[in-house]
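The first chain written gets the first letter, and so on, giving A, B, C and D; residue counts start at 1 in each chain.
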Amino acid sequence: MCRVLIIGELINGSRTVVKQAVVEHDETVIRDLAVQQVEAGADYIDVNISVGQGDKEAEDMVWAIKLIEEVTTVPLAVDSANLQVMEAGLRARKNTVLVNSVSAEKHRMEPFLDLCAEYNAAAAALPIKDSGIPPAPEERLEICQLLAEKARDRNIPVENMYFDPLVLPLGVDTYNSYAAIETIKKLKKTIPGVKTTAGISNVSYGLPGRKLLNQVFLVLCMQAGLDGAILDPTDQGLMAAVKTTEVLLNKDKMCMNYLQAYRKGLLNN
Amino acid sequence: MCRVLIIGELINGSRTVVKQAVVEHDETVIRDLAVQQVEAGADYIDVNISVGQGDKEAEDMVWAIKLIEEVTTVPLAVDSANLQVMEAGLRARKNTVLVNSVSAEKHRMEPFLDLCAEYNAAAAALPIKDSGIPPAPEERLEICQLLAEKARDRNIPVENMYFDPLVLPLGVDTYNSYAAIETIKKLKKTIPGVKTTAGISNVSYGLPGRKLLNQVFLVLCMQAGLDGAILDPTDQGLMAAVKTTEVLLNKDKMCMNYLQAYRKGLLNN
Amino acid sequence: MYQKISLAVQEGEIEEVDQLTIKSLEKGNDPLDVLNNALMSGIEIVGQKFADGELFIPEVMMCAQALQAGIDRLNPFLKQDENPHRAKIVIGTVANDVHDLGKNLVKMMLTANGYEVIDMGVNVSAEEFAGAVRGHNPDVVGMSALITTTMLEMSKTIEYIKTQGLHNGSLKILVGGAPVTEKFAKEIGADLYADDAIEAARILREIL
Amino acid sequence: MYQKISLAVQEGEIEEVDQLTIKSLEKGNDPLDVLNNALMSGIEIVGQKFADGELFIPEVMMCAQALQAGIDRLNPFLKQDENPHRAKIVIGTVANDVHDLGKNLVKMMLTANGYEVIDMGVNVSAEEFAGAVRGHNPDVVGMSALITTTMLEMSKTIEYIKTQGLHNGSLKILVGGAPVTEKFAKEIGADLYADDAIEAARILREIL
């Protein structure tokens, strides 16, 4: 199947409901969110339990992963910028796993890639340097090339590296969405066999009509060559856009997935 | 403005309401359809009065054009496969005009291009040969190149030629939408300064969820380089997709058109 | 078993229809019986569901292919006159008209009904239509036009077929296409008119 | 006239604000009066509309630019202490954190309120913050963090500024960012906490 990989973003400590569940160790909330996302079609469940509990984060990560693996064998994306938390997550999980995320920041690049190699994990890789996120697609590409090289050094297969173009809000600068799309195109063109992923909803921050913006942005990214998307899989409009784009780009022979989605009532966005 | 040109398709003899209006010479229907489309944002009003009245078609075309020009100065797309009807329309109109359409069929190519040159009209040009529509984008491009050459011979400026990739229904073959998108890309890449246009709604013929398919297809075509689209401008979902795509492709600085559309309530598709 | 074959046709399972048809013959079932009570009863439900908007073009195409797979297996065991659905139909879009969607849908529906369809393509001249009628000796010749200017070509083609003496008792002329009306069909001397592809299949089932 | 300037600010008409401010000065209006009753009253309405979801980021950015154009015209005619909005603010995202959206929104809102904002960018070390405080002598130093792991950097930075003796009476330390809470702000010894960019502007209007 050529279809885009869906990374479900709902288990994230920045969301009030998750934050509360993590702090109070409410098992039902976490399990339910995992099940909901799997049922909606998620291929990966992102697990971010950062709620500002510092030292407890590694413990919380292990707690959440064990709960999620009770209800699904869908792969996990362990989501943390903290090395200890990431390692605890990688050690605890049984399902296939993706490290979310590696960047080219000094404190992050080598140790996180070492973990990917050690645990045979896929990785989302971000073009961030210590000086920040360069606006130009060319510079983002360069950072990705550096990350790809470092991954190669560790024998991490190129198809395990999902490069993220970095999606900044359109409302702050209309160049931001264009830059993300161009970065995807350049990545696909320049690094043979490379995979790409992107967080979708950030693009519409601070603007009205966010659902429509997110949908159209996802379509544009898919045409540019997106392989995976971090999004809310329970957002029917987004998932309908995925199916619709796939059939229109000739990745759904005889419209079978599209018609199946129609029959399940999933195309009413 | 980089925005995509909207050719309003509602005045078409294949629609029952228009057919009846043409047969009964109901002036109000024609005028109202013109006004509605202009208010919805049409940049061109397509005028197709073919209802099977044979010899009366030229007369009907002149009748319709005069009515439309009473209510708007928006350019017209005179839409007929009949040379006499086309010439009558070109002679009658006062507004800027586009010939819809030229093809590479023997009986159509030279005489229609001659008309374009004589009346200084823009043209929609279709990659159709006497043997039909070739499926492969490469072959469609070749026919367009022939048409572009014939246009050059007549000193028709390249920016007056809107090449249509030809949109065939996805439901019959999922390759069809892909072929149209690829043809647009190839046209933009191969013929310097070329413009493109496409009829959108044909893609979804015979499938459920037509509105969503049309919207996403339009987005994909715009990213491929579409300059004009033949569509129903009163379809809010399509027009919202246009605005949203433009802002996401950095063609709407500071999101001004997008926010204006939001305030007018035009983004609720 | 017949029910299984019918369901496989309805689900467009090409391989399954093929295998089940073989099995059915091996079990000693009558080929004509398999055709009528398994394959055709399946495709009739498909046609109805398509008409009701429950099935869509890509699905009907797969069902038609599945049907075809079954018919191909049966054909060696069926005598020509034993197969009521083996009528031959020549179709095409008339001269100066390259629109083939409607024509293709008719082809799909007719194939899905088990008829043998000879597709002449688009921009088919009066002479080419006449030639095909002479060569294939079909039960029906069907012609399509999408643009009003080519409706006249339809008239010319029918006239030409008649002047060539090909419009004898056994040949029926069917016309259709977006701008074509029943009234126009009568005026130009066609025998049959269909509003759409489903209607075309229904009409032919009635007369063949 | 003041009403016109205020409206031009609200509509983000940069050129118009510039021209109207010149005209207003030529007519002999008091610069401080123009600032308070034309420019600032315009931007206050903008801030309120943004808070109410009536205006969006790109529009507020244009309004802020329009305001800036007016202030640039007035500045030569205003004494430092005459301009109640000329407070200086140093802001940045703390070490190991490159998220600048929140920080940029705060910058936008503060600029839109007429403050002078010195933006240190992202991944700003404790030493760099301290250096900026020493060099610019701001009224407020604001720091932002988006990820929980870098909240600790905030704590380190505040401690460092204090140990350097820079946290004297006139300097206020403001913290904010998605994972930062009011409780955390107090624990690490910040003077001020803001939940979002609008809140930040509101708080600073109160104390400056």
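Assume contacts are C-beta pairs under 8 Å (C-beta built on N, C-alpha and C of every residue); 3 or more make two chains touch, one makes a residue touch a chain.
Predicted model only: the values in this text are computed from it and were never measured.
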Between chain C and chain D, the fewest steps along chains that touch one another: 2
Reference chain D; chain at largest CA-centroid distance: C
Whole-Å separation of chain centres (CA-atom averages), chain A against chain D: 33
Centre-of-Cα separation between chain B and chain A, whole angstrom: 39
Rounded Å distance, chain A centre to chain C centre (Cα mean): 50
Residues of chain C engaged with two or more neighbouring chains: 56, 58, 61
Where chain A touches two or more other chains at once, by residue number: 171, 174, 207-208, 254-255, 259
Category of the chain touch graph - line, ring, star, complete, other: other
Which pairs of chains touch, using the document's own definition: A-B, A-C, A-D, B-C, B-D
Residues on chain B engaged by chain A in the complex (per definition of touch): 170-171, 174-175, 177-178, 181, 203, 207-209, 212-213, 216-217, 219-220, 223-224, 240-241, 244-245, 247-250, 252-255, 258-259, 262, 267, 269
Chain C-facing residues of chain A, complex: 254-256, 259
Chain B residues touching chain C - in the complex, by the definition given at the top: 13-14, 50-54, 57, 80-82, 105, 107, 128-133, 168-169, 171-172, 174, 205-208
Sites on chain D touched by chain B in the complex: 56, 58-59, 61-62
Residues of chain C that touch chain B when the two form their complex: 53, 56-58, 61, 96, 98, 100-101, 104-105, 121-123, 147-152, 178-181, 184
